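Shared between the two complexes below is chain A, which has chain B as its partner in the first and chain C in the second.
This part shows the complex of A and B:
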């Protein structure tokens, strides 16, 4: 069974990964390849890297950064930021990207979507849409202008699908960085409007927010930017929280004899049997248990 | 496996592939660097090349790929690699692993944006995944496999692990990203995945292998698959007999 992906979105500014709050405030986290390495080790399903300076500075995605990020883990990478031509996409794919995310250029030059889809296949082209709720409808937000434009999000998403986009990366501007949960109405509207996979982002602050999307919307992937930087082993802990709290019917595919989860389990480190505090972080175990673990050796699997 | 045997085997692998390198065919579609990084991580000597002379001295070939069928075939043709690859694989019996579009072009015909001829190494056609309620196309993400034959590609992959409730849970996840699938006879299929219908995602015809998913992006499971494939390549050449292991053990002691 195809699982729902848990995706980390690394927002890059001045060459380092940052936390983004409301598209206006930024806090530094670490070098991009370091973030890719730890997220990959924690069992993330996919990583999206968005270089938010590139478009404004009029340059393309930094090739060196792409190469460093691709070398840091064996995990699917989607790269976005300032990509304007098929030649640039070809370079980035060669450096180790699996998919390319278009935002500004998809709006300004929709022809690029179909041109790129023809050369690299639809599965490679992701269109990123920033949505904002204005006057009773969702409109496309132009981050380079810093305001919404007169395009309806649903119309734009449908058009992208028609042009050959393989996925929609849907961001809610209002919820970005607020840790208050995802915009479920927006997600449901867009998922119904298109028949390609939709990845949603914007607002994760607690593992229960991911659970809401899994239960109430048909998104193919749930992404978060800042959230995965909040605490150690965030991916592992979140996956275990979700696996624990999903109903059995969500977990079982009757066509397959074994049990199967829509959240891909981690193979190495896990938090089996752990409880969670009110913030959704793994709670501390009692002293006796910790004492018993002190000298236990857990070797890493050798392939 | 015992530590000593492991080192011996590692040394044997190293020596073998230093003399007979793996060649990753560079035909300008997609993920060459990622495949190369995965092989480096596993300690394999390999060459990324589109030169016929390199391909001719290879022990095994990898056809990586992200891209459309037509584009991939056109790139192979423009580099005049089709006949070289066919010669090495069919007449010299060299193992070949096609990944994603690299697997799809092993077929007779591809129907992506038209109808195009493939390399015709494994009988089959490449068609679009039919859209169904609840199964969005492209098929993107981590899916589990129904493995028909473990040998040789999936020999190291665990199918099940115990979950929290001590129940068996499928864990053989691989990363997929495709809109087209390989339609072929069941006898060539090593593994299926379930996406609205059964899709053949790993195929084999003698020494020719193809996988629809991306092992270079599938974390540990992907690395295990590479390990199995290249052990197959090594055994395919001179079978791994006992004297070799003893040689390796001797060498391991000297280190």
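This part shows the complex of A and C:
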């Protein structure tokens, strides 16, 4: 059993990482390579970078950005945005990407999924699906049109799996950027419909939202776009929150034996034993502990 | 597309983070600059800025929250956080507050000490470019709030070397100030095991809407590296040419992650919990504690940066030479968003101050020991090609700036306009507690005994 991955998604607009809110409002956050550098340091398991301008501008993912991002971190990197051909995928992999992510192309040219999977292997091809709930069912949302299309999300996810996609990156348009939690119904439906790994995103604002997904669905990875930018060591703290609050009996997957196996291990900086305030941020440590630290030496991590 | 040769050139200059990205953006986006249709901010804002379909910038959109959010309940949220940090048993400080002789210092200490009753340790990084007024404001700050104050004065000769390197690497005379101000409080928090640092306004939120107030963003090293340090950590500033070693830079180095974790250091920003209004807050501080304001050479705001000879002067002029705008723009945008200033008044202010030559340049040049030509040689390399170009005589000219939008009454601008809530936007000039010498000289701090005659040497 692989641990559930915590994944950061960097949404790129105008060449910088932004916060995305409801697929319509964007806030500038930072340069992509700085985000990659710090997320790696903070113990993220994987990073997905999606350039949301690329398709609309009719260009592919910026190669220099790919190179800068790959050089800044040391975790698996997935790149998406404007990718239309096997040749473009090859270029991005050469810059240091581990996987690529198709959204527009998967809808408009599903043949590319199987073609790319044949060349690079399924593990390299992620299909990103944006879902929106309309008339009692989840439909695929086309961000370039700004509205849903007729395709049912579950049908589309199954189709992608059949074509050779190795992973589904599932976003909820309605929950995006609201910090109110993930769409658990959607996640459960898709996770049950396909047997390939499903990574879910859309709605994280508190570590308990990650916990809800772990408890109630079989997602292979839980991702957040905005949330990890909010505080220092956000990833490590969130992992500890999950360890602290997750009981094995809560899990829907009967194959999981111990909870250590569900959250991937932390770095040298581990925030062991912390408690959390109501925002889910690390709370003040016990005063006796602080007192005990007065003459403690903590060596720096040398890699 | 950018050529490989150009790319190589950028990579050589300072790891290609700051300047490289700047050049690339400017060249690749067909050199088009936009301005917000509400405030005046340009699309080349160094913190990054996003415009929506109405042409309104992310900063203005986030600023709208100031009139929407329930600030009473946010204030209670702050009370909840601070309550936990009030030390019950240790007889220790409850939090660290970074202060200077100006800019929100009085307000932050007022809120933390007098409103919430915490026991703060004040810390200040000696930025060397001190005015008498700033030092006096700082001394009275310590006195009227009855707090302890820790000062870090780095050897001026080291600071000069660092500043020469920062001029060369990023065209900044302020790197050491920003690095020192942003790291000294963290070092103290780690060393004294004080787990909370209280900051005033998060500049990313206030200027460009980097985060919603409800994100309750906290201090990160990530933000510091990109925006305060312009991409250059202390470790990147070593220079064999300048004989700058890592021990010279130790005071500017961030504590490592394990040290931060062990103490659980957090930095919170008050503007996430208090409806931030710098002008009103300073006026309150003048009324309560006789905070001294002072005239600034390159902006109409008399409250914010009275502690420094250069912040609103040479440093701000450098910003104008790089990005085509300066402090007057920041302050005008702020007042426009707070519905105290009309767009046309704002543009008039910007036009009045934008290209004014700095008054204190010679003072800085004498201190650091470089010539005026050398200074401009460094700075000119960092002019953003999106706004600056050279004419046939080699003179630098602005390609396009907010002046071109004077009297713009397009439908976008009209739709975005906020109704004024105050007719006038006036900044007070307070008196001074003592007569200030008219010779511009840095006020020395942290030198122990000084002869009265040498007071300002």
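Following the convention adopted for this analysis, the second predicted complex is superposed on the first by the 275 of 303 C-alpha atoms of A that agree within 3 Å, B and C clash if a C-alpha of one lies under 4 Å from a C-alpha of the other, contacts with A are read in each partner's own complex, and residues count from 1 in each chain.
Just so we're on the same page, a contact is a pair of C-beta atoms (placed from the backbone, for glycine too) under 8 Å apart; a residue touches a chain by one contact, two chains touch by 3 or more.
Only a predicted model underlies this, so the values are computations on that prediction, with no experimental measurement involved.
Applying the stated contact rule after C-alpha superposition, one finds that A:264 touches chain B and leaves chain C untouched.
Residue contacts after overlaying the shared chain place A:124 against chain B, while chain C stays out of touching range. Looking at the shared chain after the overlay, A:5 reaches chain B, while chain C stays out of its contact range.
Within the superposed three-chain model, A:150 lies out of touch with both chain B and chain C [touch as defined at top].
Legend: residue contacts after superposition of the two complexes on their common chain; A:135 is shown touching neither chain B nor chain C. Of the two partner chains placed by superposition, only chain B is touched by A:99; chain C is not.
By the touch criterion stated above, A:301 is placed in contact with chain B and with chain C alike. In the superposed model, A:229 lies in contact with chain C only, and not with chain B.
In the overlay built on the shared chain, the residue A:220 is in contact with chain B alone; chain C does not reach it. Comparing the two interfaces of chain A, the one with chain B and the one with chain C have residues 268, 301 in common. For chain B in complex with chain A, the touching residues are 6, 28-34, 37-38, 41-42, 66-68, 71, 101, 112-113, 131, 135-144, 146, 156, 159-161, 163-164, 167-171, 173, 175-180, 194-195, 214, 216-224, 227. For chain A in complex with chain C, the residues that touch the partner chain are 13-16, 18-19, 25-31, 33-35, 37-38, 41, 64, 68, 179, 226, 229-233, 236, 268-271, 274, 277-279, 281-285, 287, 290-291, 293-294, 296, 298-301. Looking at the complex, you find that chain C touches chain A at residues 2, 7, 16-17, 21, 24-25, 47-50, 52, 58, 61-62, 80-81, 84-85, 87-90, 92, 193, 195-196, 208-212, 214-223, 225-226, 231, 256-267. Touching chain B in their complex are the following residues of chain A: 1-5, 40, 43, 45-46, 67, 70-71, 73-77, 90, 93-96, 98-99, 118-124, 166-167, 195-197, 220-221, 243-244, 253, 255-256, 258-261, 264-265, 267-268, 272-273, 301-303.
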